[in-house]
Amino acid sequence: MMPVTKPLLEIKGLTTQFFIQEGTVTALDKVDLTIYENESVGIVGETGCGKSMTAFSILRLVPHPGKITAGSIKFKGTELTALTADQMRGVRGQRISMIFQDAATALDPVFTVGYQLGEVISLHQNIYDKAALDKKSEDMLKLVKIAAPASVLKQYPHELSGGMKQRVMIAIALSCSPSLLIADEPTTALDVTIQAQILNLLKDLVRTTGSSMMLITHNLGVVAEVCDRICVMYAGRIVEDAETFELFANPKHPYTSGLLSAFPKLGERKEELTVIRGTVPDLMRLAPGCAFVDRCDKAMAVCRKERPNRVEVAPGHYVSCHLWTGGETSD
Amino acid sequence: MIGVRKGLNDKLISWKMAGGVKQSAADMIERGARNKMVVIGFTIIVFMVLTAVLAPVLPIADPTEQNLNEDELLQPPSSENWFGTDELGRDVFSRVLWGARVSLLVATLAVLVSMVIGIVLGLTAGYFGGKVDYFISGTIDLFWTFPPFLLALAFAAGLGAGLYNVILAISISYWAGFARLMRGQALSMRERQFVEASRALGAGHLRMMFVHVLPNCIAPLIVWASIGVADAITIESSLSFLGVGTKPPTPSWGWMLQSGMLYLDGASWVSTFPGIAMVFTILGFNLLGDGLRDVLDPRMKGLRR
Amino acid sequence: MSRAISGREARPLTSEVRVGGGQPLLQAINLEKLFPVKKGVFGKTVDHVHAVDGVNLTIFKGETLGLVGESGCGKTTVGRAVLRLTEPTGGKIMFEGKDITHLPQADIRGMRKRMQIVFQDPYSSLDPRMTVEGIVGEGFAIHGPPKGIGDVEFVRREKIHELIEQVGLSHDHLSRLPHEFSGGQKQRIALARALALDPDFIVLDEPTSALDVSVQAQALNLLKRLQEKLGLSFLFISHDLSVIEHMSDRIAVMYLGKVVETAPTREFMGNPLHPYTKALIGSIPIPDPLKRKDRKGIEGEVPSPINPPRGCRFHPRCSVAFNRCGWEGKDLVTHLTEVARVMSPKHAISKHVAGLRADGFVAYVDLHSPESLDTVRKWLETYAAEQRKKSALFDSVVAIDRFAGDREVVVPCKKMVVEVEIEAPGREGKEPPRMKSVRQKTTSMMVAREAAKMIEKTLDMDANLRSHNLILSVKPVQSTVVFKVLGPDSNLEKAVAELDSRLEPMRTRKEPLALAIGRGSIKRTRGPKTGLAVKLRAVEEPQMDDIGNGHQVACRLYDK
């Protein structure tokens, strides 16, 4: 459905770079992205495309030696890059929450589930009474459909299965009713049957709590299931974004169509999978033109010289590709 | 100096391009060259080794030549004897240089021998596990309970003084450290998939141990060895000091320290100079070891993802 | 030069043509791998992880068998066991018709030339200190240089160049080290290494799971091409059913150490039978929003392989389970505690019940005093009768009776040593194949395990079940088998006598297992004297039934 709500998160021109001995790695290169209220947006791309880095940049958790070198991130009107460390801490966990890929390492193994859940709640909501904390924690565990929540509160992370750990993570992330939930590959480490449970859970929760979700994954099947809109990233840039149905039905960027064809689809056995020739470019030495130029079958002369602008090719459907910018054709 | 470094740098890069040297070795050398501790330590060691090796051909006095002339005994440093003379009229400077030979020889040989013993035993224990590990670990623990110096002292006292006895004594007391380290490394390495892959190809135990496990574990052992040499120099000097190390007239720093002890009040140069030389050498090895640890261990390969 | 985006129709699957013909290249028969669980200071073995528990697989020449399952199902262990990288604890492996299960290590190393493996994680399966040339050529370093005309070193280099080109890499990659390559390239190197010795069979253990989608596509295409060109057979292990469907001629699904369904790919996708298979297919997210639907996944978590559910291992999570699927005591105890809430103070019988416990197919209700026996029994019988119609669990209740709580039957077991004749393949050019006599030793603990299974089958699991029998919970305990008996104490002697009479004919036939089982005796134990036992139908694991079209499934729904 077309977003008729207000924009929740507006990212414009975000550039994040890493300064290492061998040179400067441009992990994100002038990224533009908007997430509205009440919607689920999927960020897809392969390893190294910058999707996780986008999330880290939003939360200002970019690891050393990286830095946000340009751009603005506006969350409900507030410029996040301008906040102090203290103010940012107030945002993290409370207004914007994140779920990580590997629940096993994201949870502290020496504290019980109840303690970790309670810690987040008490930090942000200033509730210190143990009974009240326990009650709220238990409510959160019920929300994520964990059976016997009271006993799970007393357990340690290693006593739980992968699926349950992930649910606990989701509970922690949602405990302070954030407006935006960022999920970084939340189901990649889980078995496919548990994955289905967790995805359903996320879908339901987002619907009932009214928050927005930014789902980061490399799995096109997952975003097809869960998301309203999808952004495709490549080499630190967003190459295409559109509503889910529109993207799958009419992919415009050669990378998007290549990705869709390379995915083995259940029930459609092919002789050979389509392959995108070449490899991901070196983020330290990006050419001035389009990052995909060396691997694109439809590359033109202009693609090597100029980086394509983002244009709207259909209502709500944006592409950054010279095929659609009305640039010079042929040669 | 900058010119030299740049030249070296370019050479390394062209090596890399030609693939002439195994890439990782060239990489490590380059990283080593950037680490200050390694550079300083290495320089010191090279200097000391050169002095030791060149001692016989340098135009210096004979270290064993005694000059029992009254006015040649215990002379302070002068233009003739740069470090002065000792109680038997021998040139201290020359003795310090020759002493380097002894100390370095003993230390490196001792460490080498204990390294070989330690690696073989530690590798066997860690790789095979089970009963083999049980017995070897027990032996390691037995030797490990004693501080290396005391053990060396006991063996040296038992074996008697003499160059090769000292080497033996130090080796026996030092191998346990290497074995322990090697065993721990081997234990974690043997689970790695490339070892299993080799097994899937049909490799036997010997191949898996020495071609796959050992080369991948060697790094911490090199660090340990370098610090071990420093340690061994100290032990040898101490043993000589106590009289169970090298025999006179072999110039050994320990000996010199001991004999000079009587003259600290007045002719301090007899002990001081060998002492300084010793400290200098040990410092060199320690710096090298510490620096190597930084270079070899956490490999920051830049941004991976 | 990209291929057309719409794929061509798949060519006829080789096995559809081959059903029923030819000798299989590799066969796993009742393959078993148990890992001991040790506890305590002395490392006593208290239990076993049933990683692989009776798996049957067949792979024909030139085909790909896809083995799919979720984590913990044992598929990786199967892959290693058929190559004898892990030693199986039971069952047989046949390679080209020859039994290689007990082949000594020296002979196995020779066989490695014929069967190889590519591991899942490209980052750890290559020695970081060896050059690509060294890695790919390691097989030659071990087994000797490849055959060819000319100077040995020249032939070796030529062969390595050929291998490296075959997987799509170039000559100047040979002197580089693994860390300079991407994940996809590393997998190619691993593949070249596996192909070096010209194997007939390769186990691919999740070869593309660690790779990106587009890299995965390249790797899969490469594998298919090489298979056709070199006539290779693959065992393709993965948790990703879409990839398996793309690559395999036949598919086998594993759950908790057992294969639950096998079929040729098209048959499999068109007509999945096992409830687990259906759930698996149903939970995979499809990259097509038009096919979006509410995917349920399966209720609950995967149980631990240490004590897998009895009967059909999937029954606790199965939406269509019925009374013959293997409902156990613990299912009943869970129901009584959580659903019927028998222990809560308001319940009618809660004051009589001291505790509930489960053991195998029996649930025990311990009582405070013998007087409550009849009251509780009556309540249970009424409740069970009510629940029978709507619950498969209660439908499988066979008897509710008191039991001899402080006595049990103990059957001692001895160790077995059996001489087995196997054929050892000779060394090429040096020795012809010959018959070797190998002593197969089975410890008394393992004998006890086998004996427990056999006793349960012989005494307990009556196919007709018109009359319930007396045995409760048969268990191996160290080197004995222990079981309890339902009803009055006289039943104990009956049970011992019955067991003996069943074993007698087997002993006369000199069956080694029967000979290793001693005579049962009745021993006192520290058990409660008063209690009720609810015995559920003791069922065996469902066996694989042939449905036709090369399709086999292990599920009671399809029992003949």
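In this document, chain identifiers A, B and C correspond to the written order of the chains, with residue numbering beginning at 1 in each.
Criterion: a residue touches a chain if its C-beta (ideal position, glycine included) is under 8 Å from a C-beta of that chain, and two chains touch if they have at least 3 such contacts.
None of the values given here were measured: they were computed from a predicted structure.
Seen from the C-alpha centroid of subunit C, the farthest chain centroid is that of B. Of all chains present, the one whose mean CA position sits nearest the global mean of protein CA atoms is C. Per-chain CA centroids place subunit B at a distance of 55 Å from subunit C. Subunit A and subunit B have centres, each the mean of its CA atoms, that are 53 Å apart. Taking the mean of the C-alpha atoms as each chain's centre, subunit A and subunit C sit 37 Å apart. Within subunit C, not a single residue touches two or more of the remaining chains. Among the residues of subunit A, those touching two or more other chains are numbered 47.
Among all residues of subunit B, none touch two or more other chains. The part of subunit C that touches subunit B in the complex is made up of residues 83, 85, 109-110, 112-113, 116-117, 119, 121, 124-129, 131, 138-139, 141-143, 172, 175-177, 179-180, 190, 193, 197. Listed in rising order, the residues of subunit B touching subunit C in the complex are 19, 22-24, 192-194, 196-204, 207, 212, 215-216, 301. Within the complex formed with subunit A, the residues of subunit C that make contact are 1-5, 7-11, 70-71, 182, 184, 212-218, 220-221, 224, 239-243, 245-246, 265-266, 269, 279-292, 294-298, 301-302. Those residues of subunit A lying in contact with subunit C across their complex are 46-47, 161-164, 191-197, 199-200, 218-225, 244-245, 248, 257-277, 279, 297.
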